[in-house]
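To keep things simple, chains are lettered A, B, C and D as they appear, and every chain counts its residues starting from 1.
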Amino acid sequence: MSKGVKIVTIGGGSSYTPELVEGFIKRYDELPVRELWLVDIEAGKEKLEIVGNLAKRMVAKAGLPIEVHLTLDRREALKGADFVTTQFRVGLLEARAKDEKIPLKYNVIGQETNGPGGLFKGLRTIPVILEICKDIEELCPEAWLVNFTNPAGMVTESILRYSNIKKVVGLCNVPIGMRMGIAKSLNVEPERVQVNFAGLNHMVYGLDTFVDGVSVQEQVIEAMANPDNALTMKNISGLSWEPDFIRGLGVIPCGYHRYYYKTDEMLQEEVEKAETEGTRAEVVQRLEKELFELYKDETLDIKPPQLEKRGGAYYSDAACSLINSIYNDKRDIQPVNTRNNGAIASIPEDSAVEVNCVITKDGPKPISVGDLPVAVRGLVQQIKSFERVAAEAAVTGDYNTALLAMTINPLVPSDKIAKQILDEMLEAHKEHLPQFFTKIEA
Amino acid sequence: MSKGVKIVTIGGGSSYTPELVEGFIKRYDELPVRELWLVDIEAGKEKLEIVGNLAKRMVAKAGLPIEVHLTLDRREALKGADFVTTQFRVGLLEARAKDEKIPLKYNVIGQETNGPGGLFKGLRTIPVILEICKDIEELCPEAWLVNFTNPAGMVTESILRYSNIKKVVGLCNVPIGMRMGIAKSLNVEPERVQVNFAGLNHMVYGLDTFVDGVSVQEQVIEAMANPDNALTMKNISGLSWEPDFIRGLGVIPCGYHRYYYKTDEMLQEEVEKAETEGTRAEVVQRLEKELFELYKDETLDIKPPQLEKRGGAYYSDAACSLINSIYNDKRDIQPVNTRNNGAIASIPEDSAVEVNCVITKDGPKPISVGDLPVAVRGLVQQIKSFERVAAEAAVTGDYNTALLAMTINPLVPSDKIAKQILDEMLEAHKEHLPQFFTKIEA
Amino acid sequence: MSKGVKIVTIGGGSSYTPELVEGFIKRYDELPVRELWLVDIEAGKEKLEIVGNLAKRMVAKAGLPIEVHLTLDRREALKGADFVTTQFRVGLLEARAKDEKIPLKYNVIGQETNGPGGLFKGLRTIPVILEICKDIEELCPEAWLVNFTNPAGMVTESILRYSNIKKVVGLCNVPIGMRMGIAKSLNVEPERVQVNFAGLNHMVYGLDTFVDGVSVQEQVIEAMANPDNALTMKNISGLSWEPDFIRGLGVIPCGYHRYYYKTDEMLQEEVEKAETEGTRAEVVQRLEKELFELYKDETLDIKPPQLEKRGGAYYSDAACSLINSIYNDKRDIQPVNTRNNGAIASIPEDSAVEVNCVITKDGPKPISVGDLPVAVRGLVQQIKSFERVAAEAAVTGDYNTALLAMTINPLVPSDKIAKQILDEMLEAHKEHLPQFFTKIEA
Amino acid sequence: MSKGVKIVTIGGGSSYTPELVEGFIKRYDELPVRELWLVDIEAGKEKLEIVGNLAKRMVAKAGLPIEVHLTLDRREALKGADFVTTQFRVGLLEARAKDEKIPLKYNVIGQETNGPGGLFKGLRTIPVILEICKDIEELCPEAWLVNFTNPAGMVTESILRYSNIKKVVGLCNVPIGMRMGIAKSLNVEPERVQVNFAGLNHMVYGLDTFVDGVSVQEQVIEAMANPDNALTMKNISGLSWEPDFIRGLGVIPCGYHRYYYKTDEMLQEEVEKAETEGTRAEVVQRLEKELFELYKDETLDIKPPQLEKRGGAYYSDAACSLINSIYNDKRDIQPVNTRNNGAIASIPEDSAVEVNCVITKDGPKPISVGDLPVAVRGLVQQIKSFERVAAEAAVTGDYNTALLAMTINPLVPSDKIAKQILDEMLEAHKEHLPQFFTKIEA
């Protein structure tokens, strides 16, 4: 790697890209990126050019010798890559809007990661990511694949189970957001706060929390129980927790846990929002439109501050920190999605989990947590069951398996409704689900 | 035991008792019961006498030297017992009615075993059963405790975890009912049918099914998928399964699984029934009243055929077969609730499971199943989490723990609703929950 | 199977064959064997004919319509088989003699199953058995493979790990011999004795012992501790146990455990015997010679009583019982070698263990034992490590892996001596180890 | 801890103490030790004063405000301690000499940690350490116990299993010595070398090795296989490994593994040494005598360089680094003995293992390794079985359990010899084994 680092970003036309570029610029001394390839598909060409040109201006302003390449040729880009990041969306935000809206018709939350929407996002995404894995195997077998694409847990599980790629890490900004929120709520600097994260993607818990190494878990629990101080995330409702439930739980849920522990209220809120501001996808579509208008401004040569509203806070830090720690064998601790390897007792060794890891050049090494508290094992295992059955459906295109995944999802209240939602969504996403339709027609 | 077997039945005034008596009479040659002690509490004295006198007439008619003792003195009865069976109901059917009706007010299924109603049945029952365990330890330490009292899974878990009694078996008629239903649906004699049962109480699956040792699982799945032929149980709705869901599942759910895989439809049905015929408790109250009228008839000296409507079909066979196999070291295979001991991989070794066991004089020895199919591990683990947290709440009387149990129950849609139901039920069952109220008042 | 059962015995020229034939004759009513194919190789043709003709005379005397076929064409024989039994010896007793004698030169016990001799028996046998598995897959995919060939644990492990055959059971007469010995030592009929067997082949322990279902383990331990009453087996030295060691152990070792818990004394005895009566192989060679002389007698039409001296006592019972229970779905309990499936906690799920199983038409279902006592886990795991590394060496022909297997064997005192023994034995068995020599020459 | 750190060293009169003192002086800026209490027993009073005065001179020379206290009153010393280190020897080197010499009479290696000698060291030490644990519980419940006392694995296991102390770490200089040796053999600076350590104390393996994060395991294996370059330790023979064995093994054994993989040659060497220079205890006795002569020199105010010959190289670094990382929540990676917690799959969760951990103020957090390679699981599990049975014998004083521990030790060739060694050693160490003799006499 003496010639510097080559990074390939698949879905490079994403509105998040300036975050990444900023992160690489900030870390250039340690992480000398020589080439940054932004890859997208024909349908994303315009956005790629807008955001790619902004990236070039940002690099130029920083005065760094990072070459920014824009391309629609994924295989060309991958050759000899050191790191491949993925942040694409099969079917774009239009598909996400369907993922959210169709379930709502049946009074079911869409939830684009671990819910019915997440199932369909997985069905569309997993075959594509497995194709990318084959390309990596051939064109840059030494590269690390850093996946931000949701549903990141299901995608990581699929790569571990159905590809030959071992060098993969799934990444999410939920844990870093929790840590930042906790620091703010305790009024201490974030660097002094450590959280023992364990669980699954978007289903991660803070098992214990430390300031300067001393447990402050009880204080954090009380902060969570206080409706005026509850730790929240931009893109998830701030509905307050029942204080005694949080005290009984004893561990810190993430924002997404509201979908499972407050299903009813979340559903009501989503229904209301859908009728007023639109679903999250629609809100994001508007935000993105505004962002791309900003990006077009040829005088803009920094990441615009408006990007932080988009919900991807800390993604840059999380992703660039991870790449930096792998590249430099930093052996610091970061929560990522990786093979469990026994770190969480009640999850199979060969499944993906989201857990604190020591980040080395040889990849993330999970820190053993023994087991999750009894009270949360069930829900965690239920999402893991869902992820695995969904991944199998994505790979096989088997209708019954997809229906099974939909039915066992904790947001879905019955097999009959599962079938109705499934059938409508299959039809709506038909063009992105060849594994189901080619077979049916054949 | 040369002097013959001493059996003590706690809750002996139950309407099920004639089933048991019939079972002992039929098996007398192998299982020579010398003393049958029917124990009840003051409030059940009248029923105890009615059913006890019927038991005496049945024994007399059979011409067997079985002494039937009726008593309110539990400790007197337990002395030197060989088997203790428990089939009592703290708070009687009135309490069950509350377990079912209060949740319904909040649009939540009560479900008297693994649902919110089951939580309260557990909170009332577990302290009493642990007292019985202490008596057994002192007065008949060699006895086997055969528990029919629901929630049988949670009760067995509590005994394993919080008492010193090791010789305990939890028993349910759901597996034998499934086997009978399968036999009928395949039109073969039940003795030729074997089912690999595994899971938890009221959450048990048929992993594979055999006729004369040859797997017929696919046929059974197709029978389940056929709405005209779905295998049902008397006391659970016969709502039909979505055929492709059952095909995707690949294993045979029990009747109670409808509460979890068809929550929505079951809720609607329960609401309707509550408004027309009343909740199940109310139906059973009427049935029981009729039964006791029959039992009073001094010319009746057999088990009246009407008893079978009561929902306890095969209880006699299940219970007497179990006792017989223990007593005679039969080493046949029966599905019971026992310590997992590694038989199901994703459940802790020291937790109760419902699984096929070889029944020996040294107790049930579970047959290893490896692991449950991925798709069902989540729900099973979730009920296990619920059972364990509920058992902890029952023992500690801790409010937050009880709220945690209520919230993680898959039938309960949010922490806020959980708290509302919990608070109303705590108040309604106050007199039977001293562990909560003594503490609060102290 | 309406046309009756077809049994194929590979290594049919073995001196044990009359045991098997007698067993089938005795069980004919339940297990209607229609065809018995005795298969052997060119080098065993003479023995095959001698023993095959005896088999025919035995069947004729019994007046049963069992066709006995003698053939050197294994593939012809396998077609449509219901059961395939294997009892062959690659390299015949000459090879065993080398397995025993070469290690002795280095002051190391040969031990033809779990020792250095067993390693070489495995290296010779495993490739052949894997070939047979391929034939079975093609020619009789529904057949059960019942393997008696030693080292039966390593062979079963290899089949589970390196073939596509799932319907395999490994069989040994050690457990039945222990049960018989215990019965004799307690002076009760064998049918009343049950032993909880668990461990590995030739490394199996009696975890508990029952007469009529009541534990008599302490009595059995005292019997083992009594040098005048120690339970022994014909083909293993009766060196007495240190009484307090056996009391501390608390479980019943098998005869082969003497090699590991009394290595020193066993070595001395083997050295002495080798110098006087010869190694066990040489003794057996003489016994076999005498047996075949008897078998030639055309008036002989029963199993000659002298066969029992051969060391295979109860093999017939064990093997025919097993086949009978599979064929008739008897669901009785027998100790066999099968996939662990979680029955013994500290052994991987997918490894072979020897453990009590319920024998069904769908194969053996192991009964969970939780875990072995702490004190024996180490030795058991060490033999399992040895079996697995040896199996890998047999399949890969890798020299370093073979040396690793030899060195980690508990009978081998150093890596240097391991290499010396390995090199001499590789050379001595060259003709039967093509996987090592073809590669080296290539 | 604003008042500075209080450290209590039990066995403070040890010749190693100057190492520790030097370590604390070097790290004073980060780890402000205010009080260092050196505790010893009456029999060690003279040594305590000699080494204690040297410690005071070292501190004075460094110009640091560290108070050095010398005392025979352990309970007085423990009050309010932050860290307690233990490095004592029940029975002093005289006892070690017996541990080594008595087994040799029976042609068995004594091996003072995981061999017969280690069993007796454990039997003498464990009751004392459990008394210390009770004192800690009462007098400084927040303190961390850092145990250097051998057999460190067995001692850590005992504390985890038989005391209420959770804040314990077992420490050994073997891993750091391996890392240093590897660095030297690769000719790179030690800071660039990272080794994935996993196993048990004195039975630890390097599963993989990295320079700057890149695996160099193959090079290290080749270095081990090269007799001129084999990685060795001062206090263990440098007998060379069989190259192809090391290649087959694929992981890096520690020096103590020679006792198990080269038992025979190690025994010969020990016999020779015993006859020439004396056993290791006798050599150390001479070394210690010389060291204490040096320590007496009132002009000496630094750690004398001769100490490094003593075999405790890097102890200071290991111990002070560990304390420093706990105190400052450094979250760096160090190999220590701690509760497994699932980090090594085939060892029970609640057993002690030696494994890389992240060192935090909340203690060591083990990094998951999945499982050990198949080939080494057996030996590791055998030593774990030995440690656990030995610990049980130490706590119960049960003769049969002690004999069981002795017999299952891989260095002991038979139950008969085990009994002979056990009986002679019990007699020889009688005064330090009240748990055995009080009971026998009572």
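Rule of thumb we're sticking to: contacts are C-beta pairs under 8 Å (C-beta built on N, C-alpha and C of every residue); 3 or more make two chains touch, one makes a residue touch a chain.
None of the values given here were measured: they were computed from a predicted structure.
Look at where the CA atoms of chain C average out and do the same for chain D: the two points lie 44 Å apart. Remark: chain B and chain D have CA centroids separated by 54 Å (rounded to whole angstrom). Shared contact sites, meaning residues of chain B that touch two or more other chains, are absent.
A ring topology is adopted by the chain contact network, closed into one cycle in which each chain touches exactly two others. Checking each pair of chains for touch leaves A-B, A-D, B-C, C-D. Looking at the complex, you find that chain A touches chain B at residues 241-242, 244-245, 247-249, 261-265, 346, 348, 374-379, 381-386, 388-389, 398-405, 407-408, 410, 413-419. Interface of chain A with chain D (complex): residues 194, 208, 210, 212-215, 328-329, 331-333, 340-345, 349, 358, 360-362, 365-371.
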